[in-house]
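I've put the structures underneath this note.
Each of the two complexes below includes chain A, the first together with chain B, the second together with chain C.
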Partner chain A sequence: MKELTQLKKVVSHPYAYIRKYKKQTGKKVVGYCCSYAPEEIIWAAGALPVRLFGTNENIHLADTHLQSYCCSLVRGILEEALDKRLDFVDGIIFPHTCDSFQRLSDIWRLNIPEQFHLDVVLPVKLDTPSAKKYMAAILEKCRKDLGKALGKDITQAMLARSVKTYNKIRSLAGKLYELRCANPQIISGTDFHAVIKAAMIMDRDQYLKILTQIVKQLQKAKPRKTRDEAKRLVLSGSVCTHPDIYGIIEDAGGVVVWDDLCTGYRYFEGQMNEKIAPLKAITARYLKRVICPAKHMELRGRGENLIRLVKQSKAQGVVFLLLKFCDPHAFDYPYLKEMLEAEKIPFMLLDMEAELPPVGQLQTRFETFIQIL
Partner chain B sequence: MLTAGIDIGSITAKAAIVEDGKILGTKVIFTGYNAEAAGKSVYEDVLRENALYKSAIKKIVSTGYGRNSVKFADKTFTEIMCHAAGAYHLDKKVRSIIDIGGQDSKAIILDGDGKVKNFVMNDKCAAGTGRFLEVMARALEVDLDEFGAISLKSKKPSKISSLCTVFAESEVISLIAKGEKRQDIIAGIHESIAARVASMSARLGLSEPVMITGGVARNSGVVKALEKKLSMKIEVSPYAQVNGAIGAAFLAASL
Partner chain C sequence: MKKAISEFFKMVLILLAGKFKKFTMRFKKTKTMKDYMMVYYSQAKSARLTGKKVAWITSGGPVEPLIAMDVIPVYPENHGAMIGASKMGGHLCELAENMGYSADLCSYARSDISCATINGGPIGGLPRPDMLVCCNNICGTVLKWYEIQARYFNVPLFILDTPFCHTEYTEEMGRYVRAQFDEYIVFLEKACGRKFDFDKLKEVGHLSHQGQLLWQAVLDTATHKPSPMSAFDAFYHLALIVTLRGTQDVLDYYTWLAGYMKDRIARGIGAVPNEKYRLLWDNIPIWHRTRWLSEKFASHNACLVADTYTTAWCGALKYIDENNFIDSAAEAHARIYLNIGVDQMAKMVIEMIDKYDVDGFVLHSNRSCKPYSFGQLDIQKIVERERGIPCLMLEADMTDERSFSESQISTRIDAYMEIIKERKNKK
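Here is the complex of A and B:
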């Protein structure tokens, strides 16, 4: 599939793509690190929102600023910035989530003055009436600040167009998840991961076109008769930037059929109401979406969502991918574990950093987990 | 029916032959650089020593890190599955297994039928493994096989606080320089491994009876320190190092 090849090229060399894109279009690039960054507003302003995933190579510059108990994601992103590898970024936007990202925001503001810097101080509790008002106000402020930084007035019409584009992308991505869940053979895990990741990097209009083609072709694809006995798994956690994990799971006799990752389904879920004021619709989605553990909604919301995903996708087990030193996720793990145990859903925990544990060990763990399912 | 199990570990390669639930023979050699060659030669050795032809062996299961390089195996299982099968065949009552091998340690929980219910593994760190002991044996100039017996003489184990093998080695060297007794240092090393393995196992929740397997199970000092840390009695597998290979041979019989 030539569309897939195109996306894989973008994902394997994202910075080359972005540099070329900037040159060709003259558009500004706004970096972000978290799925609470209101990228609908960035895209509405005519800038390209690009998610930063960091690096696992030779972290040394970041270590002079960060303590050793910061997660590898934060260190990796800072390393790239300090090493001037992100010089194509015109500005950066930090929504308020976990402590490490708050500190990263401060370090960024003080050390990378050539980029504009925006904090979006979101509420922590999302289910109170005051939070709703506050969220709306803070996103309105974000619209104004971002407009000022980019030298543009971000109008209702611009926002409405962006909302439409995002709604289409998200609903197609949801379809892609459903197709793969029903027939995991139609697209390999590694390719699937590339399609998902490209959504956070590419020109969104261009991506929408390609995604439409991919979904159309996959709808026609006949599943090959293999891996019928593959054990169906759900990935749970924060970010997964390791396409290798999908392959290792498939080699071990499993297949990933769904996820609740920040760089996965959680990024896509939730449609915005196109009949109301666009900023209101954007606000409503961020308030309703299944939360990141750095936020608060209902006490057991994440657990209930995970169990629902497992049941809907007919999965046989859950693999937790937790970044080392990620407190919010680590604090949620015990209660998620208890809820899964109560439902008799088997699970395994993979504590990881930007760098994966040695492949041999990973294989042993996945194979054993899959063999005992 | 005769079946064979081959366990290619990071340091040693093991083979076992079983016949109708009985262990006929086992063999251990160093894995060395070439896992595939090690698998072949340990298999040939065990056959020769037990006066068997290849054609007598009906099924072969390979396990361990090098399991996929044993091309003549009928099936592979992970070492976790094989240690569970090996321990269960030796003692049907066993509910938990602690396996300390050359490059990792594991805790495994079994159900009443010997099936693996849950497991944990240490990750990317040599602390709490056989390699840790090897490094320390070199620093102390003591043969690793004597570690257990020497440590049991200690009345006051030294404190080794570092979890990192490299840092712990320099800690040991400064203890030597301070003139601490060899037996105390060794006992301290065993306590450090025990603490590491115990905290990992505690996450899983061990239930008794507990059996210890893997090469390090041969070290009575580590076993004693672990019993103290866990406040549990630990049964030592008589086939510590070859338990995985035996388990593989038993699993081969049920293919």
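Here is the complex of A and C:
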């Protein structure tokens, strides 16, 4: 599929794509690191929102700002920024999430003055009337501040257009998830991951076109001879920056049929109401979507959601991908684990340091787990 | 029953006070810190018998409305400090790790979570809460920690969400936090089953404000040379402003304490007998090594005269309007030391460096506390640039004593003190 090849190229060299894109279109680029960044507003302003994933290689500059007990994601993103590898970014936007990102924002503001810097201090609890009001107020403030930074008035019409685009992308991505869940063989995990990741990097209109094509073709595709024995798994955690995982799981006899990741389904989940004021619709979605553990909604909401995902996708087990030093996820793990146990859903925990263990070792761990399913 | 509890506490507190022996021995007062804490904890522990309600609350949370409603506030973080001081942190943390909690999580949270399930620790666990009040102005950890306890105890949880003030406290934030104080009151009315007492709140708010002013007055005595008290003394005396803020007891005790310190000044007595070097401490104490550290620095004739940690309990005074508790409390709770940007923290550190006229800055890089520790390296750079004083960063954990390397830290302190001495002698 040529569309797929195109996406894979973007994903394997995202910065080259963005540099070229900037040159060709003259558009501004706004970096972000969390799925609570109000991308719809950035895209409405005519700027390209780009999710930063950081690097695990050759970290030395970030170590002079962050101690050893900081997660590799925050460290890796700071490293790239300090090393001027993100010079194509015109501005950065930090929605409030965990303690580590909170401080990364400060460190960034003090050490990388050449980009504009925006804190969007979202509420932490999302389920009270005052929190909802505050969320609306803060996104309106974001609209104004971002407009100022980009030298543009971000109008209702611009927002409405962006909402439409995002709705389409998200509903198509949802379709893609469903197609793959029904027939995991129609697209390999690695390719699937590339499609998902490209959504956070590419020009969104261009991406929408390509995604439409891909979904169309996959809808027609006859599943290859099914490997019935492949065990169906759900991934749960924060960010999966290791595309290899999908392939390794497949080699171990499993297949990822759904996920609960912030760079996965949680990013796509939820539609915005196109009949109401666009900013209101954007706000409503951020308040409703399944939360990240750094936010508060119901006491067992994430657990219930995970169990629902497992059941809906007919998965046989859950793999927790937890980044070392990630507090919010580590605090939730025992309760999620308990809820899965009560439902007799098997799970395994993969603690991820900056570097993944050697492939062979990983594969053995997955094989051991998959064998018990 | 009550007597047994209080006997038990006496024992525990004597044990804990042993860490501060040097200090308590000098103290002659009818009601000591130990007495206050003993009464406080035995009242809290016997709440079931006396029919009072117990709330667990975070250290930076608004406790005044609880006191106004006659609810006994209990502070898991203070409990965490006691666990650390009695060197029980490592064991309790390990138990939490067996429950599935990562060893990289805050050790207050880890030890409290496991302690609740076994009623362990130095005082046999905290009394069971009837409600939980969590203010996230110190960290995101408390949110997760209180969610866990809300699930475990199955009691109502109130979250006071104080947006982080990276560079500013905006109108939006002000409205949001203020609105939550109203929600807090509704929450308390429901949990207590009666109308909120606003007159009482006024009174408590006033006492709380007075208490903070007095605590500031106590800490201020350390500007004198030699300093009559050290940060280690402050770590000890802090317990009252944390746990009994808003009561008359705090005023009585700190009035006496401030007077006591002034008397020491008048008589020229210093906390460190031969104070030659003055240092500033950053971050939460290393509770399991306070005494050792205090002696270590004293052996170099160095006194840690002040710290950013105990100052936090009077750091937001400038926002408080004692006649308008609720309105000003919103801002005061949002703008505390840990809820502001790194550059503003550095500014406050520099103010303290000048105020206490210190020769060096010692930073505890605390594995447990990410919001306190990330950004320290930048603060250190700012301090070195702006004031040119030597800085020392020690990596440790406030409660979990398992990875503390005494010999390594000892060597580093010795080397650091050499630099301080050399620099001072040159002057």
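Convention: the second predicted complex is superposed on the first by the 371 of 373 C-alpha atoms of A that agree within 3 Å, B and C clash if a C-alpha of one lies under 4 Å from a C-alpha of the other, contacts with A are read in each partner's own complex, and residues count from 1 in each chain.
The criterion applied here is as follows: a residue touches a chain if its C-beta (ideal position, glycine included) is under 8 Å from a C-beta of that chain, and two chains touch if they have at least 3 such contacts.
None of the values given here were measured: they were computed from a predicted structure.
Asker: Touching A:Ile372 in the superposition: chain B (first), chain C (second), both, neither?
Answerer: first
Asker: One more residue to check, A:Ile107. First (chain B), second (chain C), both or neither?
Answerer: So A:Ile107 only meets chain C here.
Asker: Classify the contacts of A:Lys144 with the two partner chains as first (chain B alone), second (chain C alone), both, or neither.
Answerer: After superposing on A, A:Lys144 lies clear of both chain B and chain C.
Asker: State whether A:Phe325 touches chain B only (first), chain C only (second), both chains, or neither.
Answerer: Touch status of A:Phe325: second partner only.
Asker: Pick one for A:Gln67: touches chain B only (first), chain C only (second), both, or neither.
Answerer: A:Gln67 sits against chain C, while chain B stays out of touch.
Asker: Would you sort A:Pro357 into first (chain B), second (chain C), both or neither based on which partner it touches?
Answerer: Touch status of A:Pro357: first partner only.
Asker: Check the contacts made with chain A and report whether chain B or chain C touches more of its residues.
Answerer: C
Asker: Give one of first, second, both or neither to describe whether A:Lys23 is in contact with chain B, with chain C, with both, or with none.
Answerer: A:Lys23: touches no partner chain.
Asker: After lining up the shared chain so the two structures overlap, which partner does A:Pro123 touch, if you call chain B first and chain C second: first, second, both or neither?
Answerer: The second partner, chain C, only.
Asker: For the complex, which residues does chain C have touching chain A?
Answerer: 99-102, 104-106, 109, 136, 139-141, 143-145, 147-148, 150-151, 157, 159, 161, 163-167, 170, 172-173, 175-176, 179-180, 183, 341-343, 365, 367, 370-371, 373-378, 395
Asker: Going by the contact rule at the top, pick out the chain B residues touching chain A in the complex.
Answerer: It comes out as residues 65, 77-81, 104, 115-117, 119, 121, 123-124.
Asker: Under the stated contact criterion, what part of chain A meets chain B in this complex?
Answerer: 351, 357-358, 360-361, 363-365, 367-368, 371-372
Asker: Show which residues of chain A lie in contact with chain C when the two form their complex.
Answerer: Per the touch definition, chain A meets chain C at residues 64-70, 96, 98-100, 102-107, 109-111, 119, 121-125, 128, 130-131, 133-134, 137-138, 141, 293-294, 296, 299-300, 322, 324-325, 327-328, 330-335, 337.
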